[in-house]
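Shared between the two complexes below is subunit A, which has subunit B as its partner in the first and subunit C in the second.
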Partner chain A sequence: MWENLFSEGKPGALDRVDGKQKVTGAAKYAAEYNLGNLSHAVLVESTIAKGRIKNIDTKQAERAPGVIGIIHHGNAPKVPGYDTGDNPAKPPTGGEPFRIFQNARVYFAGQPIAVVVADTYERALYAATLVKTEYDKDEHETDVEENKDKANRPKGPRFEDYVRGEANAYKTAPVKVEQEYILPIEVHNPMELHATTVVWEAEDKVKVYDKTQGVKATQKSIMDAFKLKEQNVQVIADFVGGGFGSALRTWPHVIAVILAAKKVNRPVKLVLTRPQMFTMVGYRPYTRQRMGVGATMDGKLVGITHEAISETSTYEEFTEGTVNMSKFMYACPNVNTNYKIVALDKSTPTWMRGPGEATGAWALECAIDELAYALSIDPVQFRIKNYAEMDQQRKLPWSSNFLKECYEKGAEAIGWNKRNPKVRSMREGDWLVGYGMATGTFGAGRGRATAKATLLADGTLLLQSAVSDSGPGTATAMVGIASETLGLSPSKITFDLGDSSLPPGPTQGGSTTTSTLGSAVYDICIALQQKLLEVAAAKEGSFLKDAKFEELSFKDGAISRKTDSAKKISYTEVLKQSNLPQIELTKDSQGGDERSKYSMYSFSVHFVQVHVHSLTGVVRVKKAVTVADAGKIVNKKTAGSQMIGGVVGGIGMALMEEGIFDHRFGRYVNNNLADYHVPVHADVPHVEVLFVDKKDPYTNPMGTKGLGEIAIIGFAPAVANAVYHATGKRIRELPITPDKLI
Partner chain B sequence: MQENENCKNIKASRRDFFKQSSLLAAIALTPSAVINAAQQEWDEKVASAIEEVSVQLDVNGIKHSLSIEPRVTLLDLLREQLHLTGTKKGCDHGQCGACTVHVNGNRINSCMTLAVMQEGKKITTIEGLAKGDKLHPMQEAFIKHDGFQCGYCTPGQIMSAVACIREGHADTEAEIREYMSGNICRCGAYPNIVDAIMEVKKGGKKV
Partner chain C sequence: MRQFTYLRPSTSKAAIDALSKDPNAQFIAGGTNLIDLMKKGVMAPEKLVDINNLPLKEIKKQTGNLHIGALALNSDVSENKLVTQYHPLLSLALKAGASAQLRNMATVGGNMLQRTRCFYFYEPSLPCNKREPGSGCGALEGVNRMHAIFGWSDKCIAVHPSDMAIAMVALDASVLVYGPKGNRRIPFQDFHRLPGDTPEKDNSLEKGELVMGVEIPDGPFTKNVHYLKVRDRASYAFALVSVAAALNISGKTIKDARLAMGGVAHKPWRLLDAEKALIGKPATEETFKQAADIAMRGAKGFKYNSFKIPMGKNAILDALKTAAAKV
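Right, the complex of A and B next:
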């Protein structure tokens, strides 16, 4: 049936269903609800990186006009979930969450140590400056490089050292490359500041407007922390102003606002400041990677060794799949990997767009490029030569893999074969010109979701699920899927999201929303068709009596036999003739055992042309072509934007993003958007996005694979490889700033 | 702002909190003089008298007579007091452009100016750009070219884009990129935004 989904032209490029709200300012984000009696919270932060709070003096602050309450470890109500050992805001992999305001310990600089609540934002902000704190200071460590000897392998089978064939076999290869690659801290910095607005509606009932990528997950964290019933915690995220991973957890400051609102007995709103976005909502951790790659003279890989050292906080263990791509990506008999983390006096890192793989691909795809040059083989050809016919790690067939087509399409579009392959051979005036490419991949997951569909007598359809949308266009994609599946105009379909009281939907992360939720929408639309048939056929004299579902066509809001499209009955008519005001269905949906039979990944190939100024070392990305094998594309317009967004993130990663610490104080020195550079309009060229757009037969009914992560994974190494082609210089420490090139 | 029922409640609850905390806390953190003052509402009266000044603003064609603290930024006034939340806060330091509005037709970062400095000025926010239900051509173009994802930077981008054309800085793609570089989009919608602006510019309609 779904062969016909997403026919060219049609919903394939539907405009965003929430576009009008976004361009008129009507879209509401977490800090934008006009609630009566609202008060404003401002956090006070620790000024040391490690130690204990000796004394916190709030007298003067309390006397300041408009102050309603000041809460800190000395007077904070207990968080019941903390006491019972139930971890609210559970850490992703291990350790204890940071228990806000529950003790005097300081784990990192910029840690929230008190919250000031006042009747206006200005008054809270001023009063917060009057809180005086004394500390017992301990020596802190914040530098991975200084502490790499203390790094440990995280517990659990996922982080066991991996060996296939022989360890370090690359050393025996006739041609080899052995190098280290450094990736600095990167900070998500979505444009919307993290914000939380809390209203206690009763003693045991709370409503929280929060910037979260998962309303259900945040609801659960709050339920656990405050020991509340599910129906008594409502989390709203109608619009989320970007996240890229920073809104995947329920951070301690969310718990703090809920505590504060309880204590002052009024609705409270907290908006983090931009500097607080660097310390309170995670970051991509600094990672040093060592690569060893070797090949035969004719370009067959002999061995890959990939080792990584990354960082976490002292109170939680954050881990990611940094070395995973090396295990399965290329046909290579000998692979060994090793991954370690070191605990430092910093806040906990978190998943950032392309978590693990973006870091890993930076090392692997640079090393592969270096090896191709060492062999004098075209980097594209080298990758094709070592293309893996199946997942090398799990020894399973790919559910689909169109990488070769990606290489071909991308090379063609950028004019790869017209370049002079010789290093430092191309020039335009003062600018050295270079071409580079790299590959990205990310698992194509599908989780579990419940969708509710209500078909009304007027022929409109309401779909609902508790998912957040941080920007990719979830509602638009779902309307597209429903429209194609059900045979109903998109203008008649509404998709409701962003409210935890809706049927449970997935968290938006790991490029899974379309796969997970789209499948639920697909399933419920099929169920709705079956129901329509049942209702229609039950009517006396119906031409659909005894009709088999497979024989029918559901198109343009009407049912007919495939063999006789002239005779039909509209959905509205079906409801009307049976006197039904509506049909309402709710359905849970999840995948089967296909995941154990096939290896499911999305793939991307990025091609770039860079110009490097021969005197100043300034690098400009002049052309970018990004090709995605992400299965069937549900909406080319929004999917295209997502790919472009990944490229822009990749430009930042490659050329400018770097969270810089002054390790003497354990603090950031560039915790704002003037000093932490992200790409602006002038940094971004026209980006050409190409899709293979072929359905994957196994991932889900639509044949889609994920898109969000592969858009960025591999882009930074493509730029680094192009810089090498332009200049002959290998930059192995991101970002590639001019000082490294002159 | 006008003293109304709501404000009285706010103050009442503040006093309640201090009474409670002084009774409940094991160590009284709040000196009794302060609690007395708070109960008499002296502090509020004194604070209001000293702290607030009056200002007249025209926002999207509506005249507002306000009594505000001088330290309130135009951005916070719009968002927190006038509830015009279409104008966004992305940094509060003039580094991102999310708060871009027009003051007497020129684009500015509303986080970088105090509201009292705009006495008598005409302010246009994203909410004032469309004519009723009819979207401004720039808004239409942003939808058509998908010039956004999350939408958070979008009001600022659109206000900036309109000004960019009015200033005569939208003749080429390169010029647009240069003159739009004060508006950060972390979702990376830049190429689509440039396409939208180019189209509106080429369309030749008065913006």
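Right, the complex of A and C next:
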């Protein structure tokens, strides 16, 4: 079975290599390193949204039992990197990261203003309640709707207004739809709380166990902030309990723990509370979008106009590709987009699964659906009619695009053509039944990574790279790729990750890990084969003398000629006969110029059947079919799980997730998992995952494209479109809660 | 760490003695709400009197009623044969509450005594008259989507979160109470209060009184009953509105009816006028609609919760239809 892990047309389903550790509790997360002499940190938060700290009184807290130290802007050691402009804890696109404890300013409610360190967590927690703060309060603004006139175009060419053909051409079309769509704040809320455990091993040497999606990126941030050498900063993230983007940055609280550990001269652990997960590690920003779409009577798109207003903090500029999909997705001669953000007294948003594109697809894919209904054309057929044969924005051919196959597969699986296409025509008792679909897309990127391979005399292979795994099954995928490429049983392969001292790996974000790191693994396995051949052929009398690499087969841990599989030499024998204890190789890997010749995207199509209660407005997703064109699928089991996870997130986005502010106080009023709803099991139906599973010829040696983002992009509009089909009611403000359907 | 003393008495007498001696003491049973409130700093008892050793778990059929001990677990009550036989509405309501894990810990007494889930109540740095009398009502002009449409005052618009209590009030249960002045019996209907000018007081228990159990009188509502909970997700969410409906149908005529709502008021909201409108009428959609209209009379919502009025009407109709359809 293992040799078929990603061969064309053959499904592979290697079990998770770390599955047993995860389900038995052996897997260690950032909060689980109980180092000797460990102390515990609790953050004190600002209760106002804007102003200055007038006075912070820690006397009573300092006298509380067990307290070791309290750090705030009045006594915090300097963070050397803060003064050099080296941008520690890099901002997303612009501005200056919030400099924790460096001045008295309050930028948002829930801002960490002090950290209390004590010998136990409970004592630190109690002492934190004794810190008394007085503020000079300023008027705050936290509502996008109240401030949308103050929105500006972000700096930089990426955000310039885009016009292809004529702007607002949709207005001239015989049939048009003009609507606004609102997406509320969504909060990542991975199950694992953000946690950081820090130990200073020497005056200038620190070890940090952190929840991060990028151990190298966090290492770099810490190096920059504290002016430390690379070899003196080690970041460990052996396991990450979900991230969805919240762990893509080195947030200020990480700097706070490092400062605290230095100051108290002991290892310190900080675990954010659930409410702090709402204000300290980003969120998907509130976005209002205006769509104008128009088509000819026979259903050819005439124009698309896509405008978005979103939010950022007052200290950093966060931006995302909200309007991008409209630029290239459909064959349309006239497209114009406009993207603005407004700075508010809130913490900075950050990328959340399918960043920007998930927000943009919510508007575009609803508008396309509305236009299809206005034209009385089947929404699937309408999309196929306007299928873009090439990237409309960059005028480049797709590296691969199997969208039409996705539409076909999904429609068949859900029984699309068996539905009554008429709105509000299907019923089961008091439940209205509806079908909807929508499309998603995300760039199929590839970055740079280094992998190290060590083939030992006993025939086992150790692969290493400094990547984090936030849950998709990185090690499993890499073992699969190595097994397939090298011709070695997966049981003999180990993949080490989660340690910044390993050869540099990529940050896990933007659906690129398999493409980036997998290519490095592929490359090093090929290099290893070449090295094995070289060693074997050098041996006196070897049957591989003068053999060409292309003529050989590497299979079942042995080398043979393709023409004569009976005569072979095992990898262990190659090492043994040359008295080599091991072969060790390190290789850097990145793509060539293929990205300037081809437009590379993954695609998804989601189909859902919903039931909407005609009296109470309750919506239930009863069936979900999700189809992905993500190139070659390396592991159908873990890839399938990732798609299901996207659907679960999509159900949350569509039906229940919403970070709610009381703008009078500039604060969340549902910052916990009882009031901020994510789907429970009962909300999630059986999810059917289908893959096109065809190699992309250009993306990378395996022919894979990314998967993580497209799993959620387009799901929420599919649900909204199904709700329309069921009820005849367009809900253009997420989430689609029962009150909106009464 | 905030210190508190902890006692685990084995008699009810010892329990109420322990409590009445100490102005800042609290009983604790399942702890599914009190522990949260302590963690949030909303409540800070100096003494916890753990009543789990008291013999109050029993569910027994007595002449004329069903007795349920205050310490019977929500999950046990919901599955109990006597409960499903005599009062299936109560079982349905319990199963609609919280999550399986919480129901395994929460007790009947604790369920009744749980506090509102109003966010402003839970956040000590925001105003709330229930938590801190005189500080103002944060919800009145704030985010009040989950709040009351009946019986509120300008001091408090919070709702009682219990599902179980809605069935109890519909079934005319009584609360058995034991305290320094002896035993007394409080009709469930009068157990919880409206906020008025003293929203800090959730119920009519006197200081030191302990809920020993509830008694539900035998009734005819063993078949045509339904508990409908309309919520934002399929489980583990508080009600937007909920309806406990119980009908006694003979032939096609409604001989007796009970109707109560949750998620709409500071207490379980019994709908006596709507019940009257059902009794003696044919069990038809027309009758149910009329009752639903009557039920929602006098409802008044706020900026974010006015949807509860039409939703409540529809939920009553749905609950009655579903109850009537049971065979």
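We take it that the second predicted complex is superposed on the first by the 732 of 742 C-alpha atoms of A that agree within 3 Å, B and C clash if a C-alpha of one lies under 4 Å from a C-alpha of the other, contacts with A are read in each partner's own complex, and residues count from 1 in each chain.
As a convention for this text, contacts are C-beta pairs under 8 Å (C-beta built on N, C-alpha and C of every residue); 3 or more make two chains touch, one makes a residue touch a chain.
In this text, all values refer to a predicted model and were calculated from it rather than measured experimentally.
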{"item": "First, second, both or neither for A:202, with subunit B first and subunit C second", "value": "neither"}
{"item": "Which of subunit B and subunit C A:665 touches, first, second, both or neither", "value": "second"}
{"item": "Touching partner for A:647 - first (subunit B), second (subunit C), both, neither", "value": "first"}
{"item": "Which of subunit B and subunit C A:122 touches, first, second, both or neither", "value": "both"}
{"item": "Partner chain(s) touched by A:566 [first = subunit B, second = subunit C, both, neither]", "value": "neither"}
{"item": "Subunit B versus subunit C as contact partner of A:738, first or second or both or neither", "value": "second"}
{"item": "When both partners are placed on the shared chain, which of subunit B and subunit C touches more of subunit A", "value": "B"}
{"item": "Which of subunit B and subunit C A:674 touches, first, second, both or neither", "value": "both"}
{"item": "Touched partner set for A:65, first subunit B, second subunit C, both or neither", "value": "both"}
{"item": "Subunit B and subunit C footprints on subunit A, overlapping residues", "value": "65, 120, 122, 126, 674, 679-682"}
{"item": "Complex interface listing, subunit B residues touching subunit A", "value": "6, 9-11, 13-14, 16-18, 21, 25, 29-31, 34, 43-44, 47, 51, 69, 71-72, 76, 79-80, 83-93, 95-96, 98, 125-127, 129-130, 135, 139, 142-144, 146, 148-155, 158, 173, 176-178, 180-194"}
{"item": "Complex interface listing, subunit A residues touching subunit C", "value": "47, 65, 120, 122-123, 125-126, 129, 430, 613, 615-618, 620, 655-656, 660-662, 664-665, 667, 669-670, 674-675, 677, 679-683, 735, 737-739, 742"}
{"item": "Contact footprint of subunit A on subunit C as seen in their complex", "value": "1-2, 41, 99, 117, 119-120, 123, 125-126, 138, 141-143, 145, 228, 230-238, 240, 307-308, 310-311, 314-315, 317-318, 321"}
{"item": "Residues on subunit A engaged by subunit B in the complex (per definition of touch)", "value": "15-16, 18-29, 31-32, 34, 36-37, 39-40, 58-59, 62-63, 65-69, 75, 119-122, 126, 189-193, 239-242, 244, 263-266, 271, 273-274, 470-473, 637-638, 640-642, 644-649, 672-674, 678-682, 684-687"}
